[in-house]
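The two complexes that follow have subunit A in common; it is paired with subunit B in the first and with subunit C in the second.
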Partner chain A sequence: MKYKTIHKAAVFTLLAAWLFTGCGNQGKGDNAQGALVSSAAEKVYVAPGERDDYYAFLSGGYSGNLTVYGLPSGRMFKEIPVFSQFPTSGYGYSEETKPMLNTSHGFVPWDDLHHPDISQTNGELDGRWIFVNGNNTPRIARVSLSTFETEEIIEIPNSAGNHSSSFITENTEYVVAGTRFSVPVPQRDMPIDEYKGNFKGALTFIGVDPESGHMDIKFQVIMPGFNYDLSHPGRGKSHGWFFFSTYNTEEASTLLEVNASQNDKDFIAAINWKKIEEYIANGGGKTVPANYAHNVYDEATHTGTSTMKKEVLTVDPTEIPGAVYLLPTPKSPHGCDVDPSGQYIIGSGKLSADITVHSFDNMLKAIENEKFDGDAYGIPILKFEDVLAGTVKSGGLGPLHTEFDNQGNAYTTFFISSEVVKWELGSWEVVDRKPTFYSVGHLMIPGGNSRKPFGNYLVAMNKITKDRYLPTGPEMEHSAQIYDISGEKMELIYDFPTHGEPHYAAGCPADLIEPNSKKIYRLDENKHPFAVIGPDGAKVERDGNEVHVYMSTIRSHFTPDNIEGIKVGDKVYFHITNHEQDFDVPHGFSMIGQNTSEILIMPGQTKTSVWEPKQPGVWPFYCTDFCSALHQEMQGYVRVSPADSDIDLSWSVGE
Partner chain B sequence: MKKASIIMIIGALLLSGLFWFPLWNIMLGAPQYPEPLGIDIYIDGLAGQSEFDIQNIDGLNHYIGMKTLPKPEDMWEFQVFPIVIGIMTALGVLAGILGYFGKIGANWFLGWLILMTVLGILGMYDFNAWMIDYGTNLDPNAIMKLQNPDGTPMTYKPPLIGHKQLLNFDAYSYPRLGGYLMGVGMLLTLVAYLVGIKKKNKVPSS
Partner chain C sequence: MRNYSKIIFILTVGMLLSCGGKNENKEEKFSYETQQTEKEQVAEESSSAENEVPASERITLDNKGVGPIKNITLDPEIDQAMVERGEALFKTNCTACHKIEKRFIGPSPKGIMKRRSPEWIMNMILDPQLMVAQDRCAKDLLVEFNGAAMANQNLTEDQARDILEYFRTLD
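Here is the complex of A and B:
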């Protein structure tokens, strides 16, 4: 018996030793040895119950939402509603969230969400918030990375086509929003063909409160009427500067595909925002009338409020010596990316084969020597040759965007030739190139737009899908590819569909976000004015033809679940508080014939749904989220009487 | 006898750990509760292992008609146990001090241990009786009324110690730090007795 046990133990030890050495040989990304190249499947396989290494936040483009994925698995975890109504949760339908979509144009139920950027401290990701821009009705939103909910949206005045946004400075001092369209500033009725010299482009610097994250427009730089395409902050040595690519320096207002492609070079505008801060601190700038919405969601009251702001501080760059310079950049540059050291500013001329790299040091030298090549509306233009650090002879066509790894390499997407090109900073030599499927727009490396990139994976986001997946009719989701970039050569390891149209993404190591992710809202911190906190707080109150139902939910019933005394013509507000304090136990609510969406109420949260009954009868409601084994029993009735009836309000549960 | 008395004092003082640390713990894990729910049992009441565990266990138990978990004021034990432990700690320390000054012999240490053991067994009996009541005295209108294969109504008494499967839940019942401290303390008082006896046999006049 004893012998048998020892024998077993020995076999087990040997087996364990073999298993461990076996695992060691399959280490990720260790293909430099070439002995055992692990398969692509192993690299992206996250076993059931295991978790991904990175969060990836992909913009949803015309969905108006932000999607959350895992890397390397490519699994989608969540769709966060930001600029669009979202019936899944009731965002933009519930009384609490309708104010989030308020603008100076009234309630706008949709937007085109473009560029996510995660908050940073000292130039490194800090995983607190993610900022995104609404392109169509210019807005910037801040999403909490503990609740994964939209907490704040600020509208941008004097702007149109909010595209060179929402990029942040390296301590999240500012989130920056640049206008794609130049427009009359302030807006006024004038002939379109008088654009040239009259329209203006506003570059907006929004201050971010370091504690609360609350946004406030600090100033707008009123620039010449070019189109401001993309932007990125300086970092490290170039912290204090912001760089914007421009096109249509021709200032055409029609048939731009021809008329905005005439100049051989457009500009990258370099903005010294620290200089502008000084200018404002000394009383500079002009406060002008404006009208824009500032919408803030309060986690304690679970309610958004919209405030209209009535003025904004503008600065004229020509009045601030040394604040703005223009760097000539060939062929209508699109991407404008800054390397992790802050030394190189990469301009991707989208009609070019080459990538232009400007040097920050050269730029400072040229400014110091006052070597200008004329000016544009009073803004000095530096000489192309003076600021140029190098040109990447890529061999590709249509460079768009560049991200960086932690080994001194840059990766640029080429839309027209459908590929990602890896090249070395400094030598400007191409190291590797891999095809994408097809017509890649943005790419993302976690931290690839910060001082500290994490060079394991690269995600290419493509505009065209064609034959990549089983066909789904004329309309298909876009495709994305994941490349392993830990070795010398990039390796395509996965292909997955994305939702909406991702324009850029932001990735972050999971351990920066995962521990802070909220599990519940505390009921004892719920400050919603219509919340039901205690078990006996449920009630129904009438105020004219408005009826307020204070309702609570717990597995698996509503309190109250029988209500009488409602009349045709009433406006019934169901204020529902979820009394669960257990992770991942939401309850839902929907009422028959309601002219709105359902709502999903998270544990400890209160949400309000409105119903205007039009016919007498007894009308049911139920819980929409499969909350427990008795979910199907989670239902109730409201009796609706004719408008002139005199039935008193009454409510009950379990009687 | 001085050495024995010091051991006795330490042993008795370890008992007071029950004022700060839980005596016992019951964990409930299930597929949909990968982070198990837990009840820490203190001498003066129950506490969730995580903040809302008690509320969530009550929420689940209502399906099978179990009573809600007792608040401190619901059970006399939670008032009496702290007094008993306080008195026993004080008596043990007093015995140690008197022994140290040669006023009493080691047999008193044994006497304390026997009393403590009897009280401990009574406490365990009471605890088990509460669990039987809690697990079997179910609401006749319970949502789920389950039967054993032999047709008797299913009951849900957690194990006194060890593991038991209760429907989809794995229940684990084990002592916690306060309980372990009490055990070590009681063991030390036994050591104190043995050391005291040994010394007495060697040097009868001490």
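Here is the complex of A and C:
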């Protein structure tokens, strides 16, 4: 026994030594790397059975999905379909979820998902919902952090390239959606070269019901035709304001690469939404015709419904004194970030080397003194020097986005020079810088966009992967890097691939979400109109050529599993209720030749899949989720007869 | 030997499927018998010699099983309100596998009070996984019933108790 232990220890030591030297040799010839690597490994290692401290929600970009990762392990837990059809679960394929992807353009089962933001109460993350934006066909979605499923999607009228979205105010009063591309408002047929002065940029404030989370567009601020790139809410002292970065204040409609980079300074637009609320409460604003979809998933009926809304309230900012000001900001700013105290508004001029920091107090003073530097289409422009708090002389190139820790530091990504720069709020001194691999876009610190950041980890999301992983052909998943930021110096501790293209992320401590995570849908709370609550409710009903199969599942059979009397030309709806009431026992359903995806039905849930049989025969269906030792037995048959057949409808199980 | 008969069974089923057509009933008996033989062999292998009686027919009234229920005292009077609640719960949560009038995926609960202790029944409802792992009778039942593991339906102790009361009416 003793010998064995010693033997084991020796092997382990040798192995460890080999690993260390191995790693060291593979590094950049730095002898000290071995020890460093081992301590980094300890920091990210989450032992089998152990759990991560943080959930990270990374946008999936053109996948239309949101991905869930653990920190510090970088393990991916889930991909949540939002603006996409997802055969893994049947989202966007099942009859219940198809309405979620309805828009004024019809069914749009794709989008470019950009910026997740977790709901807040008193400026702190509350872990109830996460909001995300669809950039292409402008939409905002709300994902439940108890089911990790998309519960609501609202389309944004008068908007295009919904990019300065979906950021929330500190009590989740609003989720905000700003247009990147200005367009004719309302849309109309007009010459493109008449853009200047005629196109408009809509900034949309969507109210969020504090109980249900349901979204409703409260008003749209119709701004000059700039590009509204990113936005962030004021917090603490600046609560009540919202800040949007702009570029293309040149109002170019062609070759923006050159033509939108002419002005030395663009603007950060400061919107006093409380002032606008007052104006509306006093009867201000103009209700105009619109056409946009509002899609809501009801957790009791397990069903989404889509409603077309026909009007929207717009406000003209020039008619509301004191509601909107423009803060000159150098070099086509991208990131527009507000520090945890609400005092500093950080503009990252993406063609600049420096980071511009505006002061909220200075802004208020300048407004009070009415010291303006002219106006843009009637919106007062404040003097750059008056609002400036400081400039971070970074030495990097291409600042993009900033988040914060809980020690008074800011962390800014630099796309062109591929690095993260840590600097101190107030002194504007650079404290540390670390390379990223490569061309970092945004970064995320859990809570880094709230009054209470959790300053342990920083995730950098990169645009270029190149040589980081084994090559997988011309297309590589984007790389992300985790840095330990608990000390004075940042330490790169892990590197992991992401899915789609993460443009932004939000993160929070696991214990904020874990206790509320739903495990099953209770059968006795299932209000789906086609649910089968007991197996004796299983039946098949014909209504003309529509056939409704009320089916139940439990390990490991379908009730019914033999159905006859279906005819060619029928439209067969399989409404399947999973009778399991145990965590993590889904059943799947798939029908041969079906022109839609399989569905995965969670315990207690009802989902519907449509099949239109085209040929007579006996066609099998089966469970797609390995549910038990008898999963392979979980199957059934449907007999399909010619259209003119007189075989009666019948169904059975175990007979 | 068992493998051999399995191959024959698979081949037979395969032939039946590929032939299709009009004579669907012809070979059914043969395959049925083959399957039956296999099942008995499995049961014998896992039961020890002293337990020749199939688990479903064994009387284990002294065994309380393992799980949250340690001791239950039954009132001599059957509580009708509990029975009604228990019946409703049974209908929703259990009848997919347990039929009163026949053996189905699992055994019929008819007469179960004469075979099992109240504690054993409730433990089986409340934590079937633990029971199958640690209770001999539960383990043998799993084998006898094709390895169809009983689902944990996440019922409360009160709900399981209601179902037990309902079982008292099933003689």
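The working rule: the second predicted complex is superposed on the first by the 617 of 655 C-alpha atoms of A that agree within 3 Å, B and C clash if a C-alpha of one lies under 4 Å from a C-alpha of the other, contacts with A are read in each partner's own complex, and residues count from 1 in each chain.
Heads up, the rule we're going with is that a residue touches a chain if its C-beta (ideal position, glycine included) is under 8 Å from a C-beta of that chain, and two chains touch if they have at least 3 such contacts.
Remember, it's a predicted structure, so these values are computed and weren't measured experimentally.
Student: Look at where subunit B and subunit C land on subunit A after superposing the complexes, then choose clash or fit.
Tutor: Result for subunit B and subunit C: clash.
Student: Between subunit B and subunit C, whom does A:Ile533 touch in the aligned arrangement: first, second, both, or neither?
Tutor: Second partner only.
Student: After the superposition on A, what does A:Thr559 contact: first (subunit B), second (subunit C), both or neither?
Tutor: In the superposed model, A:Thr559 contacts subunit C only, not subunit B.
Student: Examine A:Asp524 and indicate which partner it touches, taking first as subunit B and second as subunit C; both and neither are also allowed.
Tutor: Once the two structures are laid over each other on A, A:Asp524 reaches subunit C alone.
Student: Once the structures are superposed on A, label A:Arg128 by its partner contacts, choosing first (subunit B), second (subunit C), both or neither.
Tutor: neither
Student: Count the residues of subunit A touched by subunit B and by subunit C, then name the partner with the higher count.
Tutor: When the residues of subunit A touched by each partner are counted, C comes out ahead.
Student: Between subunit B (first) and subunit C (second), which, if any, makes contact with A:Ala629: first, second, both or neither?
Tutor: It touches subunit B and subunit C both.
Student: Between subunit B and subunit C, whom does A:Gly654 touch in the aligned arrangement: first, second, both, or neither?
Tutor: Second partner only, subunit C.
Student: Touch check for A:Lys434: first (subunit B), second (subunit C), both, or neither?
Tutor: A:Lys434 contacts neither subunit B nor subunit C.
Student: Between 75-83, 93-101, 111-119 or 183-191, which subunit B stretch has C-alpha clashes with subunit C?
Tutor: 75-83
Student: Shared contact residues on subunit A for subunit B and subunit C?
Tutor: 520, 554-555, 580-582, 629-630
Student: Over in the complex, which subunit C residues touch subunit A? Could you list them?
Tutor: Counting only subunit C, the residues touching subunit A are 91-93, 95-97, 104-105, 146-149, 151-155.
Student: Could you pull out which subunit A residues touch subunit C in their complex?
Tutor: It is residues 520, 523-524, 533-536, 552, 554-557, 559, 579-582, 585, 628-630, 654 of subunit A that touch subunit C.
Student: Going by the contact rule set out above, which residues of subunit B touch subunit A in the complex?
Tutor: So the residues of subunit B in touch with subunit A come to 35, 51-52, 55-56, 59, 63, 143-144.
Student: Can you list the residues on subunit A that touch subunit B in the complex?
Tutor: Those residues of subunit A that touch subunit B are 520, 554-555, 580-583, 629-630.
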